[in-house]
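Labels A, B, C and D are assigned to the chains in the order they are written; within every chain, residues are numbered from 1.
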Amino acid sequence: MSMRKTVADLHNELVRYNLVAWTAGNVSGRVPGEDLFVIKPSGVSYDELTPANMVVCDLDGNLVEGEHAPSSDTAAHAYVYRNMPDVGGVVHTHSTYASAWAARGEAIPCVLTAMADEFGGEIPVGPFALIGDDSIGQGIVETLKGHRSKAVLMRNHGVFSIGKDPKAAVKAAVMCEDVARTVHVARQLGEPLPIPQDDIDRLYDRYQNVYGQRSPR
Amino acid sequence: MSMRKTVADLHNELVRYNLVAWTAGNVSGRVPGEDLFVIKPSGVSYDELTPANMVVCDLDGNLVEGEHAPSSDTAAHAYVYRNMPDVGGVVHTHSTYASAWAARGEAIPCVLTAMADEFGGEIPVGPFALIGDDSIGQGIVETLKGHRSKAVLMRNHGVFSIGKDPKAAVKAAVMCEDVARTVHVARQLGEPLPIPQDDIDRLYDRYQNVYGQRSPR
Amino acid sequence: MSMRKTVADLHNELVRYNLVAWTAGNVSGRVPGEDLFVIKPSGVSYDELTPANMVVCDLDGNLVEGEHAPSSDTAAHAYVYRNMPDVGGVVHTHSTYASAWAARGEAIPCVLTAMADEFGGEIPVGPFALIGDDSIGQGIVETLKGHRSKAVLMRNHGVFSIGKDPKAAVKAAVMCEDVARTVHVARQLGEPLPIPQDDIDRLYDRYQNVYGQRSPR
Amino acid sequence: MSMRKTVADLHNELVRYNLVAWTAGNVSGRVPGEDLFVIKPSGVSYDELTPANMVVCDLDGNLVEGEHAPSSDTAAHAYVYRNMPDVGGVVHTHSTYASAWAARGEAIPCVLTAMADEFGGEIPVGPFALIGDDSIGQGIVETLKGHRSKAVLMRNHGVFSIGKDPKAAVKAAVMCEDVARTVHVARQLGEPLPIPQDDIDRLYDRYQNVYGQRSPR
């Protein structure tokens, strides 16, 4: 199953962009056409991830295949897949700047064209929720359903991002930290200038419909 | 055409100096003696750039050669080449500290001798402009024509830098982020001391005329 | 003795996570079943560390085996091993953000779920103590004995972290800097929201008892 | 001449510790027993430095050997060698945090034991001086002669550090940026606690006389 390789490899992007320390971050990907997803094993270092040691779970988060326990964040990933059928990838990190906004419970305002492109507006804050049941998953879904943003800042915790596939979710995680840092730095010495809402709308619309290689090869 | 290799390789410098996240940044180079320039393909990751997948455009930004669509910033690059005949290279990034100044719409004051050397004074702010037509290109050219600075902070957006060739434009992008960061850090704990204008002038004049290897080999 | 290799290799993690500059940081590991520990040699660069040039000391910090002098922090490590029999690994760094909290003599408040997981509450401050006798070791032990935190911010100095083995102590050092940075960044633009004490307790209890691979292979 | 290799290789440390952007930083080393020193060629990138393309100058800064022009900072290095006979290595950088203190013209206060060890007190500020004659060299020597610190923050410019050999000067440059950053971060959220002068004296004395491998092999 090549989703195992996709998910294993994408963890390298979390490392490359400094989104994770030790083992604190994970990627998952829905298996196309099946009620299953592939996710990082719990407590295994990024250096040791291979397609073979990835874990497969059903949409209730139960282990279906794999020699390791699934990530401790599996319940949250599973809840998202159950409740957002268009989502094909989920990423969780404690990336520094995004988590700092999350610690204050403050949404990141849309003051960069790159934010308008990728997130279509502010990056919102989700509720404080404890690990162990569906609370985190519910917080993610309630915040992101019907929202343009593909990332949510879970209060006092970190970031969850979603995408049509795992790569898109990783991109959202990378861009979330990038804009979280730039807007933080901007605000350290004053107030960023706002972007008018209709310009945000135009940028978001264009980026979603025009950007990138139309016929990838 | 060796400009393809030059432009492909120079993207490595954007990565090395942490000026770019995901695919958000691009280098172009004018083809000597022709009304053409080479630019990054759109939405392709830096790891995958090769001389072969670079894209060639005419000075109106139309695709002339290449299997991929050109960078979504091509219109801005093309406008600069059309209107600034001495420019042989253009670079665009959303580098963190420079973009933070841009988000506040604030020029970077010249309080470092390295800034006086490279930029001859402050790094100016260009207008807010939407992607999709010549607005960004016009903003760059209006701001940089007749200005010593080889870099402009486009409001709420990021940096465009120019040079006699693509390497010089990349150098300006690297130095712009470097001084944007140092001056930011300096201002976090007080006011940097000013450098008198005539000292800035002397430093700029010397650096443009004396520095480096006169007969490179 | 494989503890030599474990300790030598773990220094790579200090480098990877940017916790150390030049030679300013060290890892040690207790030799199972013996009153000995392995520690970094003094003043040797991280590139040059090998199992063979690690140094073995007794629990009074006397050199037992090795061609180099032991780390100048050996007395502090030895004091911890003498007085905390459950500790199997000790790490010392001057990592930037943690040392900044230490320079102000300020504990890091527990405002992130990752802190509650790993440290069970705030990361405490230990006394100012000079190198050269048992003062630093005493400060570490007095602060950490009976405390959930596995890391202490020694005033105007840096971090000491402990663990059941050297890898756990390195993990605590990595996580200490990670949360020190995130909470610092959060506080730069306002006040982080508190996490209620009973939620901290629940998170800590769960993480200590449930997280990771139960039967590592 | 092995000093060529030593000086060429030490530039890798400037890169490794992020002390330099593009070509803005240089190392030199006095040739033992001769009135000569080896220095980086001007405008050559760090990737391209080899023992063969290093440049040899006399103590007036005149080119004695080499196919490239010497670093544009050669006059400052030469002035130090002429006027401080015990100095065997000089390093210049625009490292971010140290240059930020320099932009404000503010000495870095000694609030970390690592600073007391390495610098014996604050890191002082030197005058604003233009490149092109002996002004920079004079500012360095006037500030560092009789001072414990091996590094000086040249106003609105950057850092010069000295040592008994080039490696010691590079270590001082690395540690200068490290403490400049940590003290900056500490001060962002309040005032660091002072270290009493006699404790600084004890730490400095011990470090200069006791630390490291006494008989290096």
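In this section, a contact is a pair of C-beta atoms (placed from the backbone, for glycine too) under 8 Å apart; a residue touches a chain by one contact, two chains touch by 3 or more.
None of the values given here were measured: they were computed from a predicted structure.
Visitor: Count the residue numbers both chain A and chain C use at their shared interface, divide by all numbers used there, and answer same if that is over half, different if under half.
Guide: Chain A and chain C contact each other through largely non-matching residue numbers.
Visitor: Using Cα averages as centroids, what's the distance between chain B and chain C in whole Å?
Guide: Inter-chain centre distance comes to 43 Å.
Visitor: Using the average of all C-alpha atoms in each chain as its centre, how far is it in Å between chain B and chain D?
Guide: A distance of 31 Å separates the two centres.
Visitor: Which residues belonging to chain B are in contact with no fewer than two other chains?
Guide: Only 188 qualify.
Visitor: Judged by the touch rule stated earlier, which pairs of chains are there in contact?
Guide: Listed in label order, the chain pairs in contact are A-B, A-C, B-D, C-D.
Visitor: Mind pulling up the chain C residues that touch chain D in the complex?
Guide: 21-22, 24, 41-44, 67-69, 72, 94, 96-97, 99-101, 103-106, 128, 130-132, 155-158, 184, 187-188
Visitor: Quick one: in the complex, what on chain A touches chain B?
Guide: Its residues touching chain B are 17, 111-114, 171, 174-175, 177-178, 181-183, 185-186, 188-193, 195, 199, 202-203, 206, 210-214, 217.
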